[in-house]
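These are the structures in question, set out in turn.
Both of the next two complexes hold chain A, though its partner changes from chain B to chain C.
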Partner chain A sequence: MTLAVAIDANMREITVWTRGVTLAKEARDVATLMAKAGGVEGLYVQSFDNYVDLPDRINVACKSYARLSPEPIETYYEYENYHPDVVVVTEETMVKGHNILEGCKPGTVVVINTARDPQKLLKYISPKEKLANVKAIATIDANALGMNVMLTFDGTEGAGDDTTIGAGVGAAIAGAVAKATGYAKLESLLKVAENKDAVKLGWDKVTVLAL
Partner chain B sequence: MPIKKRGTGLTAVADAWQLADIDVTASYPIRPYTAVMAEVAKRIANGQMKCEMVHGEGEHAQFSIAHGASMAGARATTGSSGVGVTYAFETYSPIAGGRCPIQALIGDRTLDPPGDFGSEHTDCLTLRDNGWIYGWAENAQEALDNSLLCFRIGEDPEIMLPQIVAMDGYFVTHISQDYVMPDQAQVDKFLPPFKPEFRLDVNKPVIMGPQIEPEMGPPLEWDRNVVMERVKELIPKATAEFNKIFGAKYAPFVDEYMTDDADMVFLLQGAHAVTCRSAIKYLREAGYKVGMCRLRWIRPFPDAALQQILPKFKVVGVIDTNTSYGAAGGGGVLLVETRASVSEVANKPIIQGFTSGLGGETITHEEFFKMADMMKQTLDAGKIIQSSTWVNFNDYDKAAIEVKAAWEQAAPSTK
Partner chain C sequence: MPKAYKQVPFAAIVKSPTVNNQGMVTGNWRYLRPVVDKGLCTECKMCWISCPDATVNYSKDDGISFNLEFCKGCGVCSNVCPVGAINRVPELDFED
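And now, the complex of A and B:
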C-alpha cells in the first residue's frame, strides 16, 4: 500500500561532499553550522555524517548532511539526504566522477569551493539529466581566504566534536552557503561559528551564477 | 541539576558510566561501539572520570578483563558491535555463570558476510541463552536510562547478573539527539555503590570459576534459571523506582502506543519504534486501527506481560530486525518468542512475522504502510495468510500483488 502522504514535505536538505580525513571535519562543520544556525532561527534541525562512507580513509569521497524543517523531523533515523535542496562541494575535483546531483529537488543550489569559473565546472557535474533542477551555482574560494582560515582535523565516530565548530574553511563555506541559499541569516551563523571572520569572508566573497 | 544535552546514544551511555562512577572499563575499537571508549578515554584524560581503562587485544580479552575486574569487586564495563560481539562469545556464559554483574554496551552491527556497518539485532541476540539481562533502547535518553537501570538490577545482591545495554548501531549510536543527563544526587539515590559479598581478595581467599564434577552442574544451572525469574520480578519494581526518582514514564516491559482501541499492532524493539509511531499517525488518519507494542527487554522475555496485553488485539505483526535461519515460522527470534509466549492463551491473536530493516536499512514509512496493509488482509481473512514475510521480497500487499499480476501478464509462466 502507498498512502498518499508527504512526509517531511517542508524539510530542506543540505548535502556536503568532501574527502575523508583531509576535509571531513570542515565538511561536517558546514553541515553542523547550517543546522545550528537554523536552530537559532527556531527551526527543527538535524546534522549528521554519512555512516556508510569511510571518513577515516584519506581522500575517499564522503558526505555530511544538514536538515532544516519548520515542523518536527519525522524521518529522523535515515542514512542520507535522499532529496537534497543544496549540494555543497568542499573540494572542487569532486565534481568529476560523483553523481552529486542524485535525487536533487527542482530549485537546487550547488555551492563549490573553487577558484575556477563555475561555467567550466558545470560540464563535469552529473547526473546530467538532473542539471535542469539546478537553479544556481555559487562559488567561493575558501582556501584562499588567508592564514586565519585553516583546515581543522577531527574524527567523531558518534561522539561529540572535540575541537570548536567552524574554526576553519568550513566556516567560510557555510557563510557562502547561507548567502547563496538564504537558509540562514548572517547573524545566526556568526552566533554559532568559532571563526567569525571566516563566516563574513565567505558571505562577502561568494559569487552566484543563476542558471 | 539535570543537564540538557545534545549527543548520541554513545555519549549518553558515557554519561551514565560517569554518573555510576565505574571503576574499570575494557575497550577494543569496532564501529559503531568505538565512540563510547573514545568518550570515556577523553573524560579520564580530562579528570572528569576516575576509572581504570584497559585496552584489550581483541574482544575476547576485552570481556575477560571486565570479568576479572568484576571478580575483584570492581564496577566494570565494556562493549562491542557485530562480529566483535561474537568474537568474545566464549566469555558470556562464564561471566553470567560466575555471577559477575559487568555491563556491556552493544551497538548493533550486521554480522559478516559481507562487511556492513548497519544495525541488525542478530549479533546481540545470539547471546540470548547465556543468562545476561538485556533490552533495546530506542533513543539516546533510553540508552542512558537503561544503563543506570541495568546496573541497579544486575548488581542487586539477589541477582548478580551481567547486563547489556543494546541499541541500534547508527540510529541510536550515531544520530545526535536531545537528552537529559540526570543529577548525581538522583543517581546516588537510585544506584547504591557496588559491594559484592564475595570478591577476589588475598586476605579472604575464595575460588571463582573452578572445574567441577558433573553432578555439581545441575544445581548451578537451576540457580541461574531461578535468578532470571527473579529478574522478572525486580524489573517492575526497579522501573517504578527509576520513574519516581528521575521523573520518567517507562513501562516495565512493553511500551504501548495507541493500543487502546487498536485491532492490530506492530510488535518490535529498538530504534525503528521512532518511525513506527510516526507511520501510525498517518495510518490512523487513513482509518487503520493500528498501534504499537515495543519490547523494553528481550531477556528475560516479557511473556507474562504479553499474555496480558496481546489478547486485546486481533492481529499482531512482529517485526524482526534479525535473522534466525530455519527458525519456527520462518521469521526471526522475536516471532518465535512472541508466538511461544501466548501459545497457551485461549483468546490469542493471529501473529504474523515481518523481517525488515536488515543490513541496517531504515524501515521507512512506506514499509510500515505495506505491513499494515498485509495485517489488514490477515484481519479481514480471519486467518494467517503468510506465516512470515520478508518485506520487499515476498510481500502480498495490494501494490505487490498488482506488480506480480503485471509480470505474469507480460511473461506468462512456461511451467
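And now, the complex of A and C:
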C-alpha cells in the first residue's frame, strides 16, 4: 500500500497510456477533461502530465494522470498513479509489451482505442495476474469517427498549445471513459470540451465487455 | 609504436558491443513490424546499413532478419529497400 491509498482512500485514479509526441496531446486531453468534468460535478481533482518517462521521443510509451476524490486530495508528492482504477490505452498496440495493469485495484476498467475485438486483445495484456482485477474492457474506435475528430499535435516538443482542451480524438476517448466508468456525466464533459460532437460520438459508440 | 589507422582494430578504445542492453529495450515502441519477403529480397543490405539502431541482421544462410527486441518500427528499412521487399505489418496481427 502506497501513501496515495493510505491517505486518500476514496480517491479514484485514471492512468492514460500513450505514445510520445504523436498522441501525447490526446492523452493529456483525456486526463484533463476527466478531471475538469469531475470539477464541474463538485469533486476535488488533480490532473498532471508525465514527469517520469521521457515523452519528447516519438512513439515512446508515456502516461498522463487524473485523480478524482469526494474529499480534498492530500496526495501531493506522488507523480504517478501507482494504483489506477481506470487504465486508458490511446493506441491499441500498447497492450503489447507494457505492464498496463501494474498495481491496478480490484474493479479496474480498461478503455482501449481500437477497432479490434477486445477478447483477442486480452491475451496481450500484462501483468497476467492482475487480469482478475479487471471488471470490464471498453473499446472505442476513436480514430474512425470522421473528419470532425482529428489528431491534434499542439503542446508537444515545447510548442504552444492553440487547440484548447478536447479538440480531437482525446475528447472522444474521454466520452468513452466517462460512459464506461460512470466517473462523469455527459453534460459536465460537454461543458469543458472544445469538440462537443467528438465527446458525444465517443459516449455513443463505446462498447463495454464485462469480464 | 605508432600504428596506421588500418591496423587499429574496430572500436579500439571502447570494447565493441557484443550483448544487447537489457536496461533499454525499445521493441515496445513499435506498432508496425518490418517483415521481409525472402522471395523479393536481393540481399543488397541497404536496410542493414541504414538501420539507425543496428537491428537488421544478415547471415549467409538466413538472409535478412530483424532484432525485434530493439526495433522501434521507424520504417527506414522499408523506405530504403530498392525492391520493396520489406512490408510494415501491424504489431497486433502477430501472436508473439
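The definition used in the following text is that the second predicted complex is superposed on the first by the 198 of 211 C-alpha atoms of A that agree within 3 Å, B and C clash if a C-alpha of one lies under 4 Å from a C-alpha of the other, contacts with A are read in each partner's own complex, and residues count from 1 in each chain.
One rule holds in what follows: a contact is a pair of C-beta atoms (placed from the backbone, for glycine too) under 8 Å apart; a residue touches a chain by one contact, two chains touch by 3 or more.
As the structure is a prediction and not an experimental result, all values here were calculated from the model.
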Practice item. Examine A:Glu74 and indicate which partner it touches, taking first as chain B and second as chain C; both and neither are also allowed. Key: first
Review point. Does the superposition put A:Val52 against chain B (first), chain C (second), both, or neither?
Key: first
Check your understanding: So, A:Gly42: does it touch chain B (first), chain C (second), both, or neither?
Key -> neither
Point to revise | Which superposed partner A:Leu121 touches (first chain B, second chain C, both, neither) | key: second
Review point. Now for A:Gly182: first (chain B), second (chain C), both, or neither, which partner does it touch?
Key: neither
Revision key, fill the gap. Chosen between chain B and chain C, the partner touching more chain A residues is B
Check your understanding: Regarding the shared-chain residue A:Ile7, is it in contact with chain B (first), chain C (second), both, or neither?
Key -> first
Check your understanding: In their complex, what parts of chain B are in touch with chain A?
Key -> 7-11, 14, 31-32, 34-36, 38-39, 42, 107, 117-118, 170-171, 173-177, 271-272, 274-275, 278, 282-283, 285-286, 362, 364-366, 369-370, 372-373, 397-399
**Study point:** Complex contact set, residues of chain A against chain B
**Key:** 1-3, 5, 7, 46-49, 51-52, 74-79, 156-160, 162
Practice item. State the interface residues of chain C toward chain A in the complex, per the touch definition above. Key: 27-31, 72-73, 90-92
Point to revise | Complex contact set, residues of chain A against chain C | key: 19, 59-61, 91-98, 116, 121, 124
